[in-house]
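Across the two complexes that follow, subunit A remains constant while its partner is subunit B and subsequently subunit C.
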Partner chain A sequence: MLDYSILIDHWDVYMQGFANTLKASVLALIGSLAIGTVMAVFRIAPIRPLNWIGAAYVEFIRNIPLILIVFVFFVGLPAIGIRFDSFTAGTLGLTVYTAAFIAEVIRAGILAVPKGQMEAARSSGLTYLQAMWYIILPQAVKIVIPPMGNQFINLVKNSSVLGVIAGLDLMYFGDLISSETFVTFDVYIFVALFYLLLTIPLSLGVGALERRLAKSR
Partner chain B sequence: MFKTIWKKMIGLGLVAMLSATALVGCSSETTTENKTDNKKEQAAETTLDKIKERGKLVVGVKYDLNLFGLKNPQTGEVEGFDIDIAKGLAKKILGDENKIELKEVTSKTRIPMLNNGEIDAIIATMTITEERKKEVDFSDVYFMAGQSLLVKKDSNINGIADVNKEGVTVLTAKGSTSAQNIRAKAPKATVLEFENYAEAFTALKAGQGDALTTDNALLFGMAKQDPNFRVVDETFSEEPYGIAVRKGDKELLDVINEYLKEIKANGEYDKIYEKWIGEKPKQ
Partner chain C sequence: MDFVGAYAPAHLKFLLEGFVVTLEVAFLSIFFSFLIGIVIGVLRYSRIPFLSPVLAVGVETIRNLPLLLIIFFTYFALPEVGFKLDKFYAAILALVIFESAMLSEIVRSGLNSIEKGQIEAARSSGLTYTQTLWHIVLPQALRRMVPPIVGQFISLLKDTSLAVVIALPELMNHAQIINGQNVNYVIPIFLLVAVMYFVVNYSLSLVSRKLEHKHI
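Showing the complex of A and B:
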């Protein structure tokens, strides 16, 4: 049986961790969606240097372990005088990392929109950016909802990387509670439950969104 | 058929082994009893006699602890503060610092190895505690360890009082007693805990905290590795290291204490201390 006294005795600590995990996830989600979209458009835009930047970003970032990217923000940048606290460094690392995957998801979505859409929009007098924003991206978003949901769920779970750099998230406090009480199993079961509390609604939300958008398609 | 024979044989072997160890246990008990009970010194050999007879001192030391007892991977030699103390002791007893055999011990194995006679003494960063005094006899303190702080060379932190302030961040390793101690003694400071001390030190180097806390023995090693950092003088927990011998080994213990007094008086101790710790011992 689970030892609920651990949860009750350390409720404040669990809550603080949960709040920070939620905060890091939301911030990283918004940030990575923005950077990812820009990078996806860069990779597709009819301007060579932008293609290179987009491709370099994706190939470089997604092929490095997340923890190393986080370390770059936490202990690498301070060497050149830019210092973030552990929570910020962790969230930035997570954002940059997830953005590379989101860029690929969105790029796939854009490419799945029939070419005629862009041609029609351009011949109607829209600029490339306008056509992208008003015509292509809205259609691409519908296509990429399922893989995007995957990325968001991964993001929430990956936020546990903050625990390694003392980022005050769920995982960090889980480690502390476990080393204080010498209980391992129960402590991390509760940590897992708190992650589920974030990821399951996210999963359901993505599913609902998918169904709604499918109707409008 | 064969199976049952095997079972019987294994069973017999186990019984034989058990009774043998039980007998050994009994006999060693009686000898120590003799030693302590009989006030008159009997002809029974003391550990000191045995050491002189075999012409070498066997000491249990650590092989994996920087500055105190570390096996140098290039030379294969074990080196450190504890080793130099042990060699000096061999010189004191046998007149030659090379008449020594070093055996690797860990915190777990050192007392059993001492009590079953594999080693004559333990010189392995062993903290003198009441609990351990029930099992072994300790010499005088030969190194005063304690929890301290590692800070930047130009930092104005000089003790625990300077970190017990809002906005000061202290780094340490997850689940260490150091973390509990610092929380109790500097409740106003922010304590961040990392996976291990190497990571905490990396974070300190990157300016992610104002101080790193753990035992000074570890901190001296870090300060030696990166001279931009120093260990503050104050320790806020006391972990006196002692040399341990078997219970009742009074002759050997007396020689060890005499030796420690000697080297502290003649400056040899200071030399060893400075060689490994990088600074003079504070009084």
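Showing the complex of A and C:
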């Protein structure tokens, strides 16, 4: 039987961690959408050096551990005089890491729209930007939403690395409560439940969207 | 920044020793996860009353939890209920729990990708359900599973670095130990460690891409 008094006594602490986990995830999502879109466009744009920059970013970041990137912001940059608090360092690390995955999702979405669509739009008299905005992007967005949802789920889970650098998230406060109460098992079960509270509804939503998209094809 | 000091032979050797532990943990974990993942994937695919739904809930729960939490759990929480593991095995257990859930989904979608007509044809040729699964469905599905499994292995190699929280002597942990000696080593060491991960993972991703083009 779980000891619910731990949850009740430390409710405020759990809530603070939960709020910070959510905050880090949302901030990192916004940041990585911005960087990811730029990198995706770099990879597709008909300019060679931009292709290289986009490809280098995506391939390098995707193949190294998240925690290494977080450490670069938390330990590496301070070594040359650039300092962040732990929450900011963690969120920046998450943003840089997730952006590489989001760039791939966006690129795949744009490439999934048949080439004929652009040609047809252009020959109907639309400019390149109009065609992109009114014809290609709306279709790409529909394709991109489910994998983007999956990236957000990963982001929420990955935000737990903030706990490693005392980033004031759910993981960190779980650690704090367990060192205060000398209880670990129950404390972490409650931490797990708070994560599931975020990730399970997201997973169900993504699943439903995927099925709807599969049907409409 | 002190590149010369950071890349002293003793440090390079220490990092390599860490990388060996990283690879060891990753290989052992993927091996056991693959076996468990196949069993869970096949059981879920076979739609066995009661068992399949229970497995579905288990897999979905694990997949929706942070791996870091599972590592904390196997190392810090299990001893509380009388199950004490050494760092090395606690890390492997956590990775196996997490990766089995991930791999079971790859196995399940691989099985689902085999056309239903093949199963009907096999069954009407007189094969039993198990024979059909073993001789017809699994061999084809396994081939299609190779690229996503390589992808999962890349994730796993990166994820072993999370075991730095329990001071498992892997690459990240050894990097942190060297960094602790001199602040001027930090950036050169992180750079080298990133390159080590990158070289191995990028090579794997090239292999995976090649396999993808071969089989689809």
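The definition used in the following text is that the second predicted complex is superposed on the first by the 184 of 217 C-alpha atoms of A that agree within 3 Å, B and C clash if a C-alpha of one lies under 4 Å from a C-alpha of the other, contacts with A are read in each partner's own complex, and residues count from 1 in each chain.
Keep in mind that, in the parts below, a contact is a pair of C-beta atoms (placed from the backbone, for glycine too) under 8 Å apart; a residue touches a chain by one contact, two chains touch by 3 or more.
Computed from a predicted structure; not experimentally measured.
The superposed arrangement places subunit B and subunit C next to each other on subunit A without a clash. In the superposition on chain A, contact is made by A:164 with both subunit B and subunit C. Comparing subunit B with subunit C, the partner in contact with more residues of subunit A is C. Of the two partner chains, neither subunit B nor subunit C is touched by A:128.
Contacts of A:75 after superposition: both subunit B and subunit C are touched.
Rounded to the nearest 10, the superposed model shows the Cα centres of subunit B and subunit C diverging by 60 degrees about the centre of subunit A.
By the touch criterion defined above, A:203 reaches subunit C but does not reach subunit B.
In the superposed model, A:180 makes contact with subunit B only, not with subunit C.
Legend: residue contacts after superposition of the two complexes on their common chain; A:192 is shown touching subunit C, with no touch to subunit B.
Remark: least CA distance from subunit B to subunit C after fitting both complexes onto chain A is 6 Å. Within subunit A, the residues touching subunit B in one complex and subunit C in the other are 75-76, 79, 164, 175, 178. Remark: subunit A residues 59-60, 62-68, 71-72, 75-76, 79-80, 153, 157-161, 163-164, 171, 174-175, 178, 183-185, 188, 191-192, 195-196, 199-200, 203 touch subunit C in the complex. Chain contact summary for the complex, subunit B toward subunit A: residues 171, 174-175, 180, 192-195, 199, 202-203, 205-208.
Chain contact summary for the complex, subunit A toward subunit B: residues 74-76, 78-79, 83, 85-86, 164-166, 172, 175-176, 178-180. Residues of subunit C that touch subunit A in their complex: 1, 60-61, 63-69, 72-73, 76-78, 80-81, 154, 158-159, 161-162, 164-165, 172, 176, 179, 183-184, 186-187, 190, 193-194, 197-198, 201-202, 205.
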